[in-house]
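Each of the next two complexes has subunit A plus one other chain: subunit B in the first, subunit C in the second.
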Partner chain A sequence: MVTFAIARQTVEDMLRRKILLILLIVGVCLIALGPSLGFLTPRESSAVLRSLGLAVILIAGLLITVISGIQVIPTEIERRTIYTVLSKPVQRYQFVLGKFLGGIMTVFVMIVAMGIVFLGVLFWHEKVFAPDMLKGVLMTFCQMMLLGALTIFFSTFAPPVVNFFMSFGLFIVGNLSTVTESLTENRNPVTAIMATIVHYTIPNFGNFNIQNKLIHPEIVIKNEMVFLTQNVVYAVLYSAVLLVLAILVFDKREV
Partner chain B sequence: MAVALSIQGLTKKYLDVWNKEEITAVDDLTLEVEEGEIFGFLGRNGAGKTTTIKMLLGLIFPTSGTASVLGKPMGDTEAKSQLSYLPENPYFYENMSGWDVLDFYGRLFRMGEPTRTQRIEKCLNDVRLDKRAWRRPLRGYSKGMLQRIGIAQSLLNDPKLLFLDEPTSGLDPIAHAELRDIIRDVGKQGKTVFLSSHQLPDVELVCNRAAIIHRGKLLTSGPLSELTSGDKVEVLAESVPDDAVEQIRALCPAVERSNGRVRVTAVDPGQVNDIVDIVRGRKGSVTAVLPHKRTLEEVFVDTVLRAGGD
Partner chain C sequence: MSAATRRRLLLAIVPLFAAVVMLQARQNPVIREMRGRERTPLIGLSTEFILGPMLGLGQAVAGLLWVRADEFFHEGDYDAILPLVRMITWLDPHQLDVYITGAWHLAYNFTDSGHRSDRRYIPPAQALLREGFHNNPTVYDIAFELGWQNSDKVRNFHEAEQWFREATVRSTTDEQGRKQPPPMFTWHQLAHSLARQGLIDESIATWRHVLSLTDAQLKEARERNDPQAWSLANVRANQLHNLTLTLKRKFSRFTHEIDFVVDGKQTKSIDMQTGRPSPPNAYLATRPNEGVPIGQPRLPALAREWETAFDARVTFPEPMVMEPRGDFAMGDGARVTIRLHDYDWRPTQLEEFTFRVDQTQTIMIDQHSVRNYAWGRTIDMSRDPKMYSFTRPEYFLVFEFDPRGTSPFIQDRTGWCGEGMTDRRFLVVKRQSNPNSPPVRLIRKVFRLTRDHILNGAPVTDADIVPNADYSRIMGEVVLSPTRRAGLAP
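The block that comes next holds the complex of A and B.
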């Protein structure tokens, strides 16, 4: 009950933040404006619409996740609202989990809102329902959940600006997993060792990028269900590990 | 009487920004507060009052020493369900209404319905917050109204022990007096109040016992009547002739005259008999012999200055 009370309060607080609402509105507008690119051929137009929709959801989701994730705990400390919360019968792990759940529920609400607009626009434009796109939206959400856990972990010890750059940096490196994987077989042993460490410790954000495969039907994902399930399980487990680390750090932190 | 709060050798040291020099915020503090007491915790800015409270609540961790709060270790969740805390200049979620904030805190206390709604109503009424403000966002509240929400949240769980950190600071005189009355009412309900304050007249009015700390060290503690009782005695007399007054002044210089009355403050109680003899020998009348009571402010200033405060 305590964790969910904190999560609920966090969602209510986040949904009142203008910056997040602006990002949502911009995202929705960009998706809705997709069909106006009418100079393209029907086939090109369809691919662009799908590509644009998924890209907008990814970028808006990324900004919403990072902005909410880096602020959610430091703001409580800075505003001193944490005093009245942690002086109640609240365990520190409940506070961290509540904040994470609240943040990720906010991201979920926003991604779902953009996803609904995206599917609606596709339906209006092509007169067919495109359930495949839901897989892309789901993978984006999983990616954001993992990124959210990473920002929450950093926020237990790093100030928001540092957290912003660390989270963004790791997100970019994590998206280059194919590059780091290839570097693990480099002839230079130092490069190979470094690449191995980076590849296996940094979250593999690149695995969630299935937009290309969804937009271009000729690219087939082998065992698609297994692949998607693996990605979901990976996101959940990796997030759980990051949250355990966040709790361990926050437990020792003075507020 | 049972002990609500027991502090043994509590010490908190911080390292400066270069991690070289140690700053001692609280230094070997030992203190006990009994159940049902309103205990004044006094000290200048930076004396270590808030640091002590934050350690007792488990918000920060002591360098050494121990403490038990309601018989449990510092920061214990079970103890925290029976205590409450009003921080200095409390900040709340400004987008939420007073009611919603209390509802959130009620959930943190695991209060179900309808208890939660009943308690919120009672607390908001107890702190005399205008009903029209209950559902308004806190960002539109005045400082006095926010302080009332702060007190309301600290009463929500019907606590046994309240930590109030400067609850009346920055309030206008009316709000100040009202909040002081609320604290007094809380004390009358048998709750233990640990009141950290600069407002010495408030402490004098509402507290049973007090402690003074300076630079983290406990300087003195005890019942207010003991702290403010002086070692001087006052003799009040009437119809004392001028030459008798001069005789008394030769014994003891602290003599005041007004409207035919004489007030003598004797440092040495042994002088009292001599003063009384002089008055009665000159057909004057002694109207009272009283122990001279100091104000808490005098006690505080003397104690801190003697400890090297500037």
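The block that comes next holds the complex of A and C.
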């Protein structure tokens, strides 16, 4: 209950932040303006609209997650409000979990809002409901959940600026999972070993990139439901690992 | 937190992380298969464009870059489009328009000041399309484009036929993402490519097949009251026209007494010579002395091959300015191909797509129309030294007439593959790459030139003529006996 109370308070706090609301409004506007770009490539107008919509959700989700995640704990420490919270019967792990859940719920609300606008624009433009796009929105949310856990973990010991670059950097490296995976079969054993370590230890954000499949219907994923489920489980498990690490670090931290 | 709890949490990480690694191992083959077809190397891609795809925004960045490429196109800045094409196909290997338009730019839009295409870019254009086909193997578009380039630009009709066949067995998707059969024009081009190789019966069979497909679609569309029925009816009319025309062109060579309805086998009701009704099958030989087996269509009235009396001469009045002139006893509108290339140039196929072409290579191809049995005009290569570097010591200058790609009204005189024409001096009979095709009869005259000819205007004499057999051997062609009349038998 305590965890959820902190989570609720975090959501309320975040929804009051103008920067996140501005990001949401800009994202929604960009999605709504998507059909105006379609005329430039008439044959691919549907692909442009879909790719643009999914990309806007991803960019906005990314910024919202990182901006909210890097500040969530350091701000409490800086404002000294954390003393008030921890002086009550609140465990540190509850505080970390509450902050994570609050952040993720905020991201969820914003991604869902953009997803609804995206589906609406698609329906208005193509006169068909495209439920497949929900898979893309779901995968984006899973990516953000994982990224949120990563920023929370970093925020337990790093200042916001350092956290921003570390999270962003790992997000980029994690999106190169196809490259690291191909390097695991490199002829040079040192490269292969390094690539294997990187590929299996760094969160593979690239796993969630299914935009190509959604934009081009001729691409088929073998056992798609299994693939998507495994991606969701991967995000949940990896987030759990990061949260346990965050709890362990935060528990030892002097505040 | 107690030490025991910390230990338990630390221990909990182990199975959790093991599960993560296991899941990743399970996902790897699926992701590899999903992206495995997207074979697009990073050639020519600047690092500043890598950030977008690193963030998983490949498709969006690709879409925006394509918009920018469109602006360059309208500005006529074709050079600027190519790097964008490379980037876009890397970011999103499923944008068919990008492959097709990029290959079109490469093959058609890089020209010299006389609007002659830079032939060095054709292998990259084809490699780009093949890469696109590899990345999009289920749709017809790129296979069709490969067929079209081979037919229209490369004039390799066998290769074109093979790509058109690939296109006909693939699908397309409508705006709602539903799979649809490929457009009828894939079949039309297949039929044309067969006719270009002299495979007339196969071409006719293809027209008949596509007509039956259209009939079925038309019936269905009319039952649904689909407005598309109107355009399908037009398509059907064109198909019927092409089928009838092919039949007419096939049988006209033997007799003029056939009423060329779709089955192509009925005679006209009135014999134009006697005014009396013609008997059925009047065009078939009935006597053993008609030159063909009984029951086969009779030989045409003009049984002898047409002597083309071909000749070609060339001078270089100024450095890199060529003035070819020639004679050709063929109707106005026949086109003589002029090909000037490095002595070591051969038609090649690139394994991987790259923009980089050998800038020291020279290959110029032009076509001149025949007027009043003569042809020729000035070809000025001096204004385009980047295209025509003339760095090799020797060159082949080839003057050629290939009846396969010529206009139908000329082809009606020469035959599909030149079986109705001959030349006392410059006839070449060679095997086509398709083993089912009849041999093709070309008219060809070849000179071996040096830099001295091209740059210093040294006179080109009969001593510089290369025997056709030698040139064919150098280019790897299989030459047959010139007495053979290709494709005469119906």
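In this section, the second predicted complex is superposed on the first by the 250 of 255 C-alpha atoms of A that agree within 3 Å, B and C clash if a C-alpha of one lies under 4 Å from a C-alpha of the other, contacts with A are read in each partner's own complex, and residues count from 1 in each chain.
Everything that follows uses one rule, which is that a residue touches a chain if its C-beta (ideal position, glycine included) is under 8 Å from a C-beta of that chain, and two chains touch if they have at least 3 such contacts.
Note that the structure is predicted; figures quoted are calculated from it, not measured.
Chemist: Kindly say whether there is room for both subunit B and subunit C on subunit A in the superposition, answering fit or clash.
Modeler: Aligned on subunit A, subunit C fits beside subunit B.
Chemist: Output check: A:Thr75 vs subunit B and subunit C. Expected answer is one of first, second, both, neither. What do you get?
Modeler: In the superposed model, A:Thr75 contacts neither subunit B nor subunit C.
Chemist: Once the two structures are overlaid on A, work out the angle subunit B-subunit A-subunit C from the Cα centres, in steps of 10 degrees.
Modeler: 160
Chemist: Classify the contacts of A:Thr196 with the two partner chains as first (subunit B alone), second (subunit C alone), both, or neither.
Modeler: neither
Chemist: Scan A:Glu254 for contacts with subunit B and subunit C and give back first, second, both or neither.
Modeler: It touches subunit B, and subunit C stays clear.
Chemist: Tell me which partner touches more residues of subunit A in the superposed arrangement, subunit B or subunit C.
Modeler: Counting residues of subunit A touched by each partner, the higher count goes to C.
Chemist: Thinking of the overlay built on chain A, is A:Glu12 touched by subunit B (first), by subunit C (second), by both, or by neither?
Modeler: In the superposition, A:Glu12 contacts subunit B only.
Chemist: Given the touch rule stated above, what does A:Asn186 touch, subunit B (first), subunit C (second), both, or neither?
Modeler: Neither partner.
Chemist: Upon superposition of the two complexes, what minimum C-alpha distance (Å) separates subunit B from subunit C?
Modeler: Taking the overlay as described at the top, subunit B lies 10 Å from subunit C at its nearest C-alpha.
Chemist: Could you pull out which residues of subunit A sit against subunit B in one structure and against subunit C in the other?
Modeler: Residues 91 of subunit A touch both subunit B and subunit C.
Chemist: Can you list the subunit A residues touching subunit B in their complex?
Modeler: Spelled out, the residues of subunit A in touch with subunit B are 1-2, 5-6, 9, 12-13, 16, 79-81, 83-91, 252, 254-255.
Chemist: Spell out the part of subunit C that touches subunit A in their complex, as residue ranges.
Modeler: For subunit C paired with subunit A, touching residues are 1, 6, 9-10, 12-13, 16-17, 19-21, 23-28, 30-35, 38, 51, 53-63, 66-67, 70, 92-97, 136, 138-139, 173, 175-177.
Chemist: Quick one: which bits of subunit A touch subunit C in the complex? Just the residue numbers, please.
Modeler: Its residues touching subunit C are 37, 40-41, 43-44, 46-48, 50-52, 54-56, 58-59, 62, 91-93, 126, 128, 143, 171-172, 175-178, 181, 199-200, 204-213, 215-219, 221-223, 227, 230-231, 233-234, 237-238, 240-241, 244-245, 247-248, 251.
Chemist: Over in the complex, which subunit B residues touch subunit A? Could you list them?
Modeler: Residue list for subunit B touching subunit A: 54, 57-61, 77-78, 80-81, 83-85, 87, 89-93, 95-96, 104-105, 107-110, 153, 157, 163.
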